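Take a look at the structures listed below.
What follows is chain A paired twice: with chain B in the first complex and chain C in the second.
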Partner chain A sequence: MTEKWKDEEGAQNFWYRGKVTRRRVIGWGGGAIGAVMLVPAPWRAAFGAAKPYKIGSEQPLSGAGAAGGKTALVGLQMAVDRINQMAGIMDRPIELVIADDESKPDVARRKTQKMVEEDKIDVHVGGFLSNICLACMPVWEEAKIVNMISVCLDTTLTTSKCNRYSFRVHDYAPAQAVAFGPMLAKMGKKWHIAYADYSWGQSTRDAYAAEIRKNGGEVVGTTGIPLGTADMTPFLSKISGDFDGLFGIFFGKDGVTIGNQAYDLGLAKKYKWAGDGAICESANLPALGNKIDGFVAINRYVPIFQGALDTPHHHRFFDEAKKRLAKIDRSGPLPDRYVQSNYEAMNALKHGMEMSKFETREDTMKLIEALEGLEMKLSDDFPQGDKTLRKADHQAFLNQFLYTVKGGQFELFEMVPKDKTIVPPACKFPAA
Partner chain B sequence: MTTGPLSKSMPLTTKLSHTAVFWIGFCVVMAVLIVAPLVLPEYWRRFLTEILIWGLLAMSSDILIGYTGMVSFGHSAFFGLGMYGAAAALLIVSPPNLWLAILFGLGGAAGAALFVAYFSTRLRDIYFAITTLIFSQIFYVIIFTWTEVTGGENGLIFSRPHFTIPFLYDTRFSTATLHWFVLAVVAGSYVLLRRIMQSPFGMVLQSIRENEARTRAIGYPVERYKIVAVMLSGLFAGLAGVLYAVQNQFAAAEFVFFTTSGDTVIFNVMGGIGTLVGPIVGAGFFQLIRELLSRIFGDQFPYLIPLGVIFIVMIIFLPQGLLGFARRWLNR
Partner chain C sequence: MDAVAHFFQSIPVDLLIIQTVNGVVTGMILALVASGLTLIFGIMDVVNFAHGELFMLGAYVGVLVLTATGSFWIALVLSALIVALLGAAIQVATLRPLLGRDSLNTILATFGISLILQNYALWQFGPVARKIGEPITSHFNLFYLTYPWYRILIALLSAAIIGGFWLFLKYGKYGVWIRATTQDRVMAQAMGIPVPMVYTAVFAIGAAMAAASGVLFAPLVSVNHTMGLDWVLKAFIVVVIGGMGNLGGSIGAAIFISLLEAYAAIWVDPSQAVIVSFVVLILTLLFRPTGLFVPTPK
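Right after this comes the complex of A and B.
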């Protein structure tokens, strides 16, 4: 190996002739540091690491809602990774601050306070269980932080308990009932509603009962079944009489229970069988098998490529989500509405932040104004389809999908456009 | 089982010095707790206030567990009813009134306590514990399903009332002033309960704990004493519920679930049964360890496993709880 470099002029000056003294090095070093400090901010942003946006997300990663919470987080993380890969929001990356609320409202309250006071988050996207969303609403309002609800379904979040800081980019029961009402009227005149006997089930029951009546139908009876009932037979065996259809309002493992037991008791054959899409969510299909065949459902998102869902945007979303879901669940579940709504909630926030030139929490009011009335178009950001975030109550209206299950597969037969799901606003924002 | 203050034969000088030591200690702790919100960051201020509230709940159950020898799993019901009572007042009356919230909360808790006490005090030991647990679950199911009134699973949210002294003073609570208010209530409750437990009534409760049959044989109406003990305990648990509602501006059915009662028993065991102040220490220790574990090992760390191990170790090596251990160590 030759060492010719030692003979060169620069090397001689640097190493052997004492021309580079410690004093010179310190002098030049100090000058360089000073110059860096004087470089204008845009240059620093271009060449250095920009300060990230801190986006908080409270999710149930343990406790009763853990399974759904982990799925929801996949959608959120997917959106954040995609945004960061595309240079972030206004050239600033996103730092996601995740808090596990343990499916308990008191823990959620404490952790949201921590996100606000210690982590200093700029905005919040999340909330899975409605009781937790409601319990945390005063925190966001008090801290004046935008709260983008990503799963919570409770109607009152954007009606009687609405506030200026909270937004919901997905649907709620009244809008789904409006979308499903005409179809139910065609299926039968007389309905019996079986529902999960707690607040979501009860408010959803009321919304569907009203729409069935509005469409000329009749609700001949309702059966409330306590949440988490492992054997629903005592309740279901009492459902009998002269009516055309049975409408079910359940989710999670209760959806599996009602699906199986309604079939076993012959209710699914005797009556037209319809209900909330949460009963036959893709994660429930393996446990339901063929027993759920013929069930007519409504959902904002169905993991299929038919009709309005057969778009390149949906394909890209589906492929990426499926890949990520396989990492947390070896059975390889298909993406569901929790993945979709978290993904789109984050993207809606990104649009609002860009429109309002959001920098810090100080710009919250500008962000609120940008989000109010936000029109979202079918794209890679919103693969589910177009949607509008209404100014009056911060409730979004989006396309709904009516479908059935055949041989363990979803079969889409109608898409109800967002404009046909509109419900009058019932929110009066409290004075600031 | 406990270190109840049955000390009639103690010389007057020792008794006086103990009293002096107690009050000096009390004043020092109070001074620290008064100054704390001025130096602590916002989050820790709220955290400390919450510890005091859980401490009050634990202290209320000490009346039964530590002084009367009755393990109750019904405290979640009293706590929850206090919370929902306060919520009712804060939602119905405009503008929300703090004193009315306290009144409604105490009313709700007292009603529940009377109901539970009437039926459960006829029973002893495990039967009493099971009955209180069943009653708390009944209240839970009612609250969970009676959505029109209680908000069901969603619970109720409301505005925080101002701190008011009628016709004299009206101000919004800040985290510091709320802390001082909660501290005043908890400290007042402690002093009052300590006095009650040292009174003849308290002595009878301790006598029931030591030997129920003999207490009855002496002529004390044991059932009536037990009813009053459950009601007293329920009332202070309800007060803790009111404070929680005022601090967090929501009431949720989860708090009525029996696991809240389980936590309360754990606070008692960890802090020291039959000491009143021990359960507050236990509540603080539990909350602090939980917070530290989730900070050190991350938010999704299953903190209940190490907490469970700590609990088992404490039962084996510190059966008298942290306060009992501290007392023994100081007396050495």
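Right after this comes the complex of A and C.
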């Protein structure tokens, strides 16, 4: 039965009378392909898939910063997937070009160049470690590509080392210090600051020291501890004397180490214990256990539903982020500030690109102008809350949360509104 | 003379005692890590760049066993055994085929293994740091600090493990095989000692020691995929200063270096005190290249 069709008259005519020859197939096929290639570009755009925006992202996916980088990427990917599901940016999808900077500035510089020259990205969003952000900022400036910083916190990125092409949609230490200063003054007069001894830690130390003094307090000593120090006991053993509070500026595994060892040596009990929220970030809580109880922290994002964070937008963000984080870590971590700031940085970029009708790198100046002074309102795009991207230094101001840890849970004290965190700009853009 | 007397009078006794305790504790952990490393080098001439990752894997296995059993001690023993088996498998699969080749081959192989194990841990366990709770949580007063008894326990346990291993080498039948292979592997083979098996066993023992130190140290920090890197560089320095392959030398060097760093930290910033170990390393390489605790061949 199956073979009988060949005996039909039509089939005989078609296949066996020389009507379909190899030469004819190649000829007609070639002609058809040529015709498709000659169709004008607008037709192809109208009937084919739109050309995606190439958005580069540098993240530490291996090396010392890998744990944070993987988490940060979850936030970025979440924003990109959501934008693509909603027809992209001006009907063009986003294609993420991800580069692993291996937590090393030299590697990051090399990969930045590759993204500029070979991948030909349109804009960049990313950057986790401050020393890497500092190393790569001149490359983005030279290539005239917008660089939306998504985690780096070093103060100088938007002050002494600012440039026209880089933006930061999350907070920085001077704003945090202004928000935290009054509470620190209430906690104690004399402070000792222990900090991660690299660009972020140093600039953050300076910002808090200035603010403590401004609030009538005194910084009696500082202890810098190099990044990745496994045993901080030799450093912590030297911290003694007459002061009221110990202020910590650490993140990642160093945050866990200081949390554990400050408790072990009795410093967390002897002195008021406060610091940057990165020490007790949700990803660190399992490793800190009850040793971090009583720690008073400041952060732009806390994974809780209290006060200004109890919104439907935050609930939606939290649920989706938690689901995605469970895929990279079976212990089911809660979203942290790295997820939040990457998610919101991508959304801020989307708003700017839409406002400026950004098409290619040629439109970079239009995009910069759209981003300067951008007002972001609490929404599904910005679940953390309202924020303003200041024109003078490309630094955003946003709400800050003061909280403590009790029994492994965060407990919110106070939300400091964004308007009360503003510090004067300290950036002079180099002439174009 | 007055200046010297003044200098000694100005040493804060409390800090001196605190730093002595710190130095001894750190030295014993380092000795445990370094003894596995030096053992593997002494017997097999393999510079094991994956030693830090075996330390890290030991801690992760410890987390899993602790979660399942709730016992720190079972976690310590089982993680050492499991990582020993893994070490044996690594030796048979990747290092045994490279026997007799240039040492660069084994260096590259172990470096590759370290990258694989590190990224495997990140993929398997995720970015969130894990915790191993210490088995004793009490503290004692050490001048202005409250010092955890657990740190003292680590030093004692490390000493016990190293001591037990020394007894095994000295009096155990298989310990004698290992010593014989260290001294002259050709002669050992001629006497009927299965040298390839000794190699595998030694790698497994080294891995077990790394794993045990990983579990012991984990309560002080956190378990994460890069925790091995922090120790392995220092362990290499200790092995060179103590004399490559010299177990006693490595233990001595570990305590010596840790005490030097701890004392230096009294006067300078502890991050600068680390320079002391590099200075000792350079001086050792210049004047006693076979190690501080090994006579220089004439």
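Basically, the second predicted complex is superposed on the first by the 384 of 432 C-alpha atoms of A that agree within 3 Å, B and C clash if a C-alpha of one lies under 4 Å from a C-alpha of the other, contacts with A are read in each partner's own complex, and residues count from 1 in each chain.
Heads up, the rule we're going with is that a contact is a pair of C-beta atoms (placed from the backbone, for glycine too) under 8 Å apart; a residue touches a chain by one contact, two chains touch by 3 or more.
It should be emphasised that the depicted structure is a prediction, and the values quoted were computed from it without experimental measurement.
Enquirer: Of the partners chain B and chain C, which touch A:261 in the superposed model: first, second, both, neither?
Expert: Touch partner of A:261: chain C, not chain B.
Enquirer: State whether A:105 touches chain B only (first), chain C only (second), both chains, or neither.
Expert: first
Enquirer: In the overlay, answer first, second, both or neither for which of chain B and chain C A:409 touches.
Expert: After superposing on A, A:409 lies clear of both chain B and chain C.
Enquirer: Just to be sure I read the superposition right, which of the two partners does A:131 touch: chain B = first, chain C = second, or both, or neither?
Expert: A:131 sits against chain B, while chain C stays out of touch.
Enquirer: Going by the contact rule set out at the top, does A:62 touch chain B (first), chain C (second), both, or neither?
Expert: Both chain B and chain C are touched by A:62.
Enquirer: Does the superposition put A:202 against chain B (first), chain C (second), both, or neither?
Expert: It touches chain B, and chain C stays clear.
Enquirer: Considering only touches as defined above, state whether A:113 meets chain B (first), chain C (second), both or neither.
Expert: A:113 contacts chain B only, not chain C.
Enquirer: Touch test for A:156: chain B only (first), chain C only (second), both, or neither?
Expert: It touches chain B, and chain C stays clear.
Enquirer: Using the touch criterion from the header, give the chain among chain B and chain C with more contacted residues in chain A.
Expert: C
Enquirer: Applying the document's definition of touch, where does A:379 land relative to chain B and chain C: first, second, both, or neither?
Expert: neither
Enquirer: Both chain B and chain C touch chain A; at which residues?
Expert: In the superposed arrangement, which is not itself an observed complex, chain A uses residues 62, 197, 224, 226 for both chain B and chain C.
Enquirer: Which residues of chain B touch chain A once you look at their complex with the stated criterion?
Expert: Listed in rising order, the residues are 41-43, 46-47, 50, 141, 144-145, 147, 151-155, 157, 248-250, 252-255, 299-300, 302.
Enquirer: Can you list the residues on chain A that touch chain B in the complex?
Expert: Residues 61-62, 98-100, 104-106, 109-111, 113-114, 117-118, 130-131, 134-135, 137-138, 154, 156, 161, 197-200, 202-203, 224, 226-227 of chain A touch chain B in their complex.
Enquirer: Could you pull out which chain A residues touch chain C in their complex?
Expert: Touching chain C from chain A are residues 62-64, 66-68, 70-71, 197, 224-226, 228-231, 233-235, 237-238, 240, 253, 256-257, 260-261, 264-267, 269, 283-284, 286-289, 328-331, 333.
Enquirer: Show me the residue ranges of chain C that touch chain A in the complex, using the header's touch definition.
Expert: Contacts found on chain C: 15, 18-19, 22, 25-26, 118-119, 122, 125-131, 133, 139, 144-148, 150-151, 217, 219-227, 229-231, 261-262, 265-266, 269-271, 273.
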